[in-house]
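One chain, chain A, links the two complexes that follow: it is found with chain B in the first and with chain C in the second.
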Partner chain A sequence: MHKIFQKIIIFLFYFFAFVAFIALSVFFIFIFYKGVNAFSIKLIFDDTPPLDALMLQARVFNGIFNAIVGSFFVVFVSIILALPLGFLSSIYVACYASKNVRFWMGFLCELLSSMPSIVIGLFGLSVTIFLHKNFFAELYPSLLISACSLAILVIPYIIKMTESSLCQIPFSIKNVGLNLGASKTQNLFFVQLPYVSKEILGGIILATGRAVEDTAVIMMTGAVAMAGIPSSIFQKYEALPFFIYHISSEYSSKEQINQGFGAAILLLGVSLFLFATAFALRKIISKRSGFGI
Partner chain B sequence: MKFLFKFGLVVSVITTSSLVFLILAFLLYFSIPLFDSAIFVGFFTQKWDVSKSLYGLLPMILGTIYISVLATFFATAMSFSLASLSEGFLPKKIATVVEGIIVLLAGVPTVLYAFVALFLLVPLINIYFFMGKGLSIFTASFVLAFVVLPTIYVMMLSAFRGVPKKHIKTSLCLGATKKEVFFSIMLPQAKPALLGAIVFGFARSVGDTLIALMLSGNSLHMPNTLFDSARTLTSHIALINANDYESVAFKAIFLCALLLFIFTFFVVATLKYLYKEKRYA
Partner chain C sequence: MEFDAIKIEVENLTLSYGKRVVFENLSFDIFPRSITALVGPSGIGKSSFLKILNQMIREEEGLHVEGKVLLHNKGLSVDILKLKECELPSLRKKVLYVAQHPDLLPLSIYDNVAFGLRLQGIGKNDINNRIEMSLRDVFLWDEVKERLHVKADILSGGQQQRLILARALAMRPDVLLLDEPTASLNEELSLKIEDLLISLKQKMTIVMISHFKEQVKRVADVIFEMRLPS
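What follows is the complex of A and B.
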């Protein structure tokens, strides 16, 4: 009786795994088929000559070029904002903090990283409203606000990755510099940080991937459907994920759906590339001697 | 130079650790006018109808619970099967491939799942199964399951890997089959961590916005059956279109966010308590 029960459970395992596999492959085949069919230079630049658009000489009206540029900028700014903050706090937590501080920082980071992204978006919006009402009357939801909110979203990822890699350095390497007479700071900069540089890079790449894909934050804080290329960080902008969401809710023709699929395959390509790079980095690191993950 | 570095360390730690408190402070700042008014109980008992000035959040709360419970159920079924197959039964090479694929899945933007489902699954359900019920709790939770699948899978894998190798090898040496090892050694020992993975997956599915926003139909009625259209707390936040920042409708949004905040806090605190210092990435 017990054996039959186990056999049924194992059969169910295979069944569910099969269902998941089928559904996922249908998803990927569909998106690749549609996306590759729809993808073309015209989709990105419309009728504007690509070179002019890239040099910002001519405006693109009907392509996804604006969204690509907007996405790139918002992610770029957010990583620039998040990197020093996350990096420095993780160094503090890993090397200087007491056990209590480490516990509470870990708790706060986990809380922040599992916070729904829409809440962070709403936080960005409410800060904007607050500042707009009380201090800066010209401040509206804009690229800068989105970038700040995205930075809040990715900071815990950077902290977690950097901190865990710093903590996992083997004692033989951690202590050798100290024993030879280096100060704690010297040991950090010349021994520990170079040793974990690949992990830190991996963390940054993962954080970039997280920032690229997130839609909920940017739709609360300034991404719009039609904005052109922003000329300053205080303007509204277009972004790829928001473009896909917008198409899905307000498409009117087949061409627009095709455009959506083109944007989708582009976004999928970018984020899968980022994740695969981070994954490959981790594989390289785990092969390093004396450093198991 | 060294002083500057240490100063930077302290400043950035204070900034990052105060982010959570800042979020809480702003949510409270905007929602506190609602707390002392007579309509506060109404938020948890009424329907939402701005024209009759009813601002109940009950349909959204119910919608969130239905969608995320169902999604967690689907995701747990799939990821538990995949995780136990790849840890206990499949040959090592295939298991590595499966693991690689699913870890990569974590990189697929959520908006794409919703986008594809909107043009593939929704018409399918609309035409062949339930007329005009494509945008429903069922669709949203089925697609949402694939979003949380990699998270639960990775945590379950590490739960299985947390079982001491000694025990597994000893029982194999004593002549136990793979099946017996899995059911009587690995499963009982990994149980608490597996439950933690499910709880974490549930929190993830509550927090996701785009799937529910695009696939659940966003109606404001009380959901009754699986194929009803519903709205979640997250998509309710996303759908605000208020120009009047002083209105109750706008402030109720912050109450939604506050509910989500409290929920996340309890989940994270529970997991932290369960695992103590153990971390899952």
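What follows is the complex of A and C.
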């Protein structure tokens, strides 16, 4: 009886793993099939000469080039904003905070990371309206507002990832620098952070991936269709996930929905690129022998 | 803080973990340039006592220390329990704890020994000399001289234990706190390390924990036995 039960359990493990594998494969094959057929230089640049578009000498009207550039900039600015806040506060929480502070920060991060992104988008929009009415009449939803809102979205990921990796350092390694006469700061920079650099990097890249793919936040805070390439962070902009949402909800021809699939495969490509970058950087860090001192 | 021939005076030292008292009212002296051995059953707080002496105990959560631990040096007395956080690095460079289980960094053999020296701002040539000398002292040089730049975790348990002892010796401390320094070594190497300790006491004060009664008798000038409360 016991053996039959064991076999059923093992069968269930295999079965559900197989189902998950099939579901993911179907998803990837579908996106890849649809996207590859639609993917072309024309999808990105339309009829505009690519070189002119890249040099910003001619505007792309019907391609996804503007959305690629917009996505890049909004994610770049959001990571620039989120990284110091998330990284430094996680170091404070992991190394210096009292138990109470650690508990409440952990609780807030869990709460924030489980919050639907549309709520963060709504918050960004509300703050913009408040600032517009009371302080800055020229302030409207824009790339900067989107980047700030995306930063709020990804900060908990950076904090959680960095904090948990710092807390998981084995006790003997965590304090070996202190035992050899290092100050707490030296121990942090020469022992602890190098020891978890791979995990921290992984967290930052995951956060970047999260910022790239989010739609709800940006559609409420500045992303629009046909905005062109923004010339400042205070302008509206186009973004890849918003493009996919927009075209799939308002398409009028097969070509247009195919454009959406083309953009989707590009987003998948960005994820793949981020994953490959993380992998390559981890390899480089692993090969480095020194601990920065 | 400058240390040289240091005398340590322990007065009414009590260690507790929550409501559990690990030991209480310990009072004894550790004399300069001597070997003091701590003996007693497991779990009685011998390792914690060593960690009190260089204040690594502060890095462990939930432990509470009361009493006085006075370091007497050149006419000055310092209660190390009252040292500020910023004064601890100076203390730990001079009063060095060598753990029972090798606490190696995921670095090469060379970098593991060089780490503490670089923290002190010692030049490369001096570092190379000190690394060779300390590895020779612990009879490890001939075994690792061809592979100084390979990861230290490939070494055997006994080699790792000697490596962390070499790392401590390279720092040239005034007080050496040894937590079962020969636990992973064979008899021949244990005897060699014992001889090393006896020669080292000319330069420094040594406090060690050992479960080997014969070893304690051979090397210790003072034996302090910690007992469970009757």
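We adopt the following convention: the second predicted complex is superposed on the first by the 245 of 293 C-alpha atoms of A that agree within 3 Å, B and C clash if a C-alpha of one lies under 4 Å from a C-alpha of the other, contacts with A are read in each partner's own complex, and residues count from 1 in each chain.
In this text, a residue touches a chain if its C-beta (ideal position, glycine included) is under 8 Å from a C-beta of that chain, and two chains touch if they have at least 3 such contacts.
All of these numbers come straight from a predicted model, not from anything done at the bench.
Judged by the touch definition given at the top, the superposed model places A:197 against neither chain B nor chain C.
If you count the residues of chain A touched by chain B and by chain C, you find the higher number for B.
Applying the stated contact rule after C-alpha superposition, one finds that A:172 touches chain C and leaves chain B untouched.
Within the superposed three-chain model, A:105 lies in touch with chain B and out of touch with chain C [touch as defined at top]. Legend: residue contacts after superposition of the two complexes on their common chain; A:88 is shown touching chain B, with no touch to chain C. Contacts of A:37 after superposition: neither chain B nor chain C is touched. Within chain A, no residue touches chain B in one complex and chain C in the other. Only residues 172-184, 186, 190-191, 195, 289-291, 293 of chain A touch chain C when the two sit together in their complex. On the chain B side of its complex with chain A, the touching residues are 2, 5, 8-13, 15-17, 19-20, 22-23, 26-27, 29-30, 77-78, 80-82, 84-85, 89, 100, 103-116, 118-120, 146, 149, 179, 183, 200, 203-204, 206-210, 213-214, 234, 237-238, 245, 253-254, 257, 260-261, 264-265, 267-269, 271-272, 277, 279, 281.
Residues 6, 10, 12-17, 19-20, 23-24, 26-27, 30-31, 34, 84-89, 91-93, 96-97, 103-112, 114-123, 126-127, 129-130, 133, 152, 155, 159-161, 164, 185, 209, 212-213, 215-216, 219-220, 241, 244-245, 247-249, 257, 260, 264, 267-268, 271-272, 274-276, 279 of chain A touch chain B in their complex. On the chain C side of its complex with chain A, the touching residues are 54, 56, 59, 85-86, 88-90, 92-93, 96-97, 99, 101, 103-108, 111, 115-116, 118-120, 149, 167, 171.
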